[in-house]
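Here is the structure we will look at, set down as structure tokens.
Letters A, B, C and D mark the chains in the order given here, with residues in each chain numbered from 1 onward.
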Amino acid sequence: MNENEIRKIVDDIFSPEKMTFNKLLGFKINLDDINNPKIIMKMNGNLVGNYYFKILHGGAISSILDTVGGVVAMISVLKKFEGNIEELPEKLSKISTVDLRVDYLRPGKGEFFIATAHVIRAGNKVCVNRMELRNDISDLVAVGTGTYLVG
Amino acid sequence: MNENEIRKIVDDIFSPEKMTFNKLLGFKINLDDINNPKIIMKMNGNLVGNYYFKILHGGAISSILDTVGGVVAMISVLKKFEGNIEELPEKLSKISTVDLRVDYLRPGKGEFFIATAHVIRAGNKVCVNRMELRNDISDLVAVGTGTYLVG
Amino acid sequence: MNENEIRKIVDDIFSPEKMTFNKLLGFKINLDDINNPKIIMKMNGNLVGNYYFKILHGGAISSILDTVGGVVAMISVLKKFEGNIEELPEKLSKISTVDLRVDYLRPGKGEFFIATAHVIRAGNKVCVNRMELRNDISDLVAVGTGTYLVG
Amino acid sequence: MNENEIRKIVDDIFSPEKMTFNKLLGFKINLDDINNPKIIMKMNGNLVGNYYFKILHGGAISSILDTVGGVVAMISVLKKFEGNIEELPEKLSKISTVDLRVDYLRPGKGEFFIATAHVIRAGNKVCVNRMELRNDISDLVAVGTGTYLVG
């Protein structure tokens, strides 16, 4: 499957219309570089977790990390896919997070945040990814590791 | 500190006005039994993570688990608190999640979900909690373990 | 597969001769109740991790938790197995830990320790287990969660 | 505290005589570069976890990762230490692992293995480290993340 086809499919599945939670949190998925997908989230008054410090809620952090890991898991499945295109929706609908670890490293301060991910284990059944969240001055806010079912 | 004082403080800090993210996701915190706090979240069209199955986004799951673990961490701090009441806001504002593991066990299907938590390590510096999420027929949807800084 | 057949296979694979690391640490696997397998480890001078307190090394704790989780994963595979007996060795040899979380709750003090485990997600591809380690007075020393590849 | 003093203290606490578990598994701690400590473990017949493939037991992997994370946590405490030298033993004896995640990425094949670690969160109470294990041809066998109590 070529890069443009992959982009189209991932954009569709993670679109705000279909994965409505991504809209709720304001995720913008950027697939310009298919080997290094990003999710950008702007800070806004609905994402506050700590009133004293006006910082990002831990749940917004775990959500964006889980999602960017899922994007990378899906891209890794699509790159290897050689089956019939009609089998694809069902196959993709089954990709899911098995478990997730998040380490909160710094307070989530910033006007926007960027989440990235890369594969550390690319299996036929499970894919293990590491994720990072940085703020608008590139400070590392949180990291995560997720195990995704892919086959 | 007595139970009613604890309820008042926790309700205030986790209120939808202060922790706005909880409002965004529709968390209702129930402290009737202070030793077994609950968070209830109704399913709605904004929380969807998988278009094919119309199930809860993994981020909504990790968010509610992180939050209920935080409620339990805060209650455990308040129960032990013997200092001056004026020191409390600063002390409480520093309670934060260090790390979180979430295990996604079943698809998040249901009209509503209930998250609970209990302490498994009650230290002066860190508190480790285990959390559970069940759906409207009491199926275990996900479990988590979180390490919280408390001192 | 009946319980005695399962016992025989698990005893063989986790035997001190084959899984030599279990001998090094002194693991005794007890399958009397196949639905509640145990591993017992006696404290000895080779397992010390903290010279001041003469307590169990964290590595001995993570090792026994990983192992008892693996025992439970294997039993769960064997209970469902309906294939040809000749395919079994290859199938079983592929069961492996994908990831493990360990929470160290109390110092590892005691004359002996008992590890137990149970399944929290029983899938065809992955099995997620929770493990516990208790000392000789039944104090909870550590807990863990492990994701195992089983199919 | 200067680098040689740090080396001497860490070498003593993690020595095979004091931390006997490290001797049992054959850990050799290398502090030549204090900012990049290593633990080397030679493969031997006592460390086998899978008889069919003659690979390292998962417990040996989690043990070396936990230990190298502990070395890095201790070095980070010593670098900052400005108190009285007599308070040091008690302070250091309290450094302990709170929780650990290990991701097993490849079978543990090789004549020897090298574990490294670095700090990702350097707090006064907790220190969060990431660890790696590579084999004799530098393949990444496993990674881990550990939260350590340091204050």
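A few points about this structure:
Please note the rule applied: contacts are C-beta pairs under 8 Å (C-beta built on N, C-alpha and C of every residue); 3 or more make two chains touch, one makes a residue touch a chain.
Just so it is clear, the model here is predicted, and its values are computed rather than measured.
Note on interfaces B-C and C-D: more C-beta pairs are in contact across C-D. Comparing each option in A-C, B-C or A-B with A-D by residue number, the pair that reproduces over half of the contacts is B-C.
Centre-to-centre separation of subunit C and subunit D, using mean CA positions: 23 Å. We define each chain's centre as the mean of its Cα atoms; on that basis subunit B and subunit C are separated by 31 Å. Multi-chain contact residues, meaning those touching two or more other chains, occur in subunit D at positions 98-99, 101, 103, 121, 128, 145, 147. Those residues of subunit B that touch subunit A in the shared complex are 13, 18-25, 45-53, 57-60, 62-64, 66-67, 70, 89, 93, 96-104.
Residue ranges on subunit C touching subunit B, taken from their complex, read 101, 103, 105-106, 120-121, 128, 130, 140, 143, 145, 147. For subunit C in complex with subunit A, the touching residues are 98-99, 101, 121, 123, 125-126, 128, 145, 147, 149, 151.
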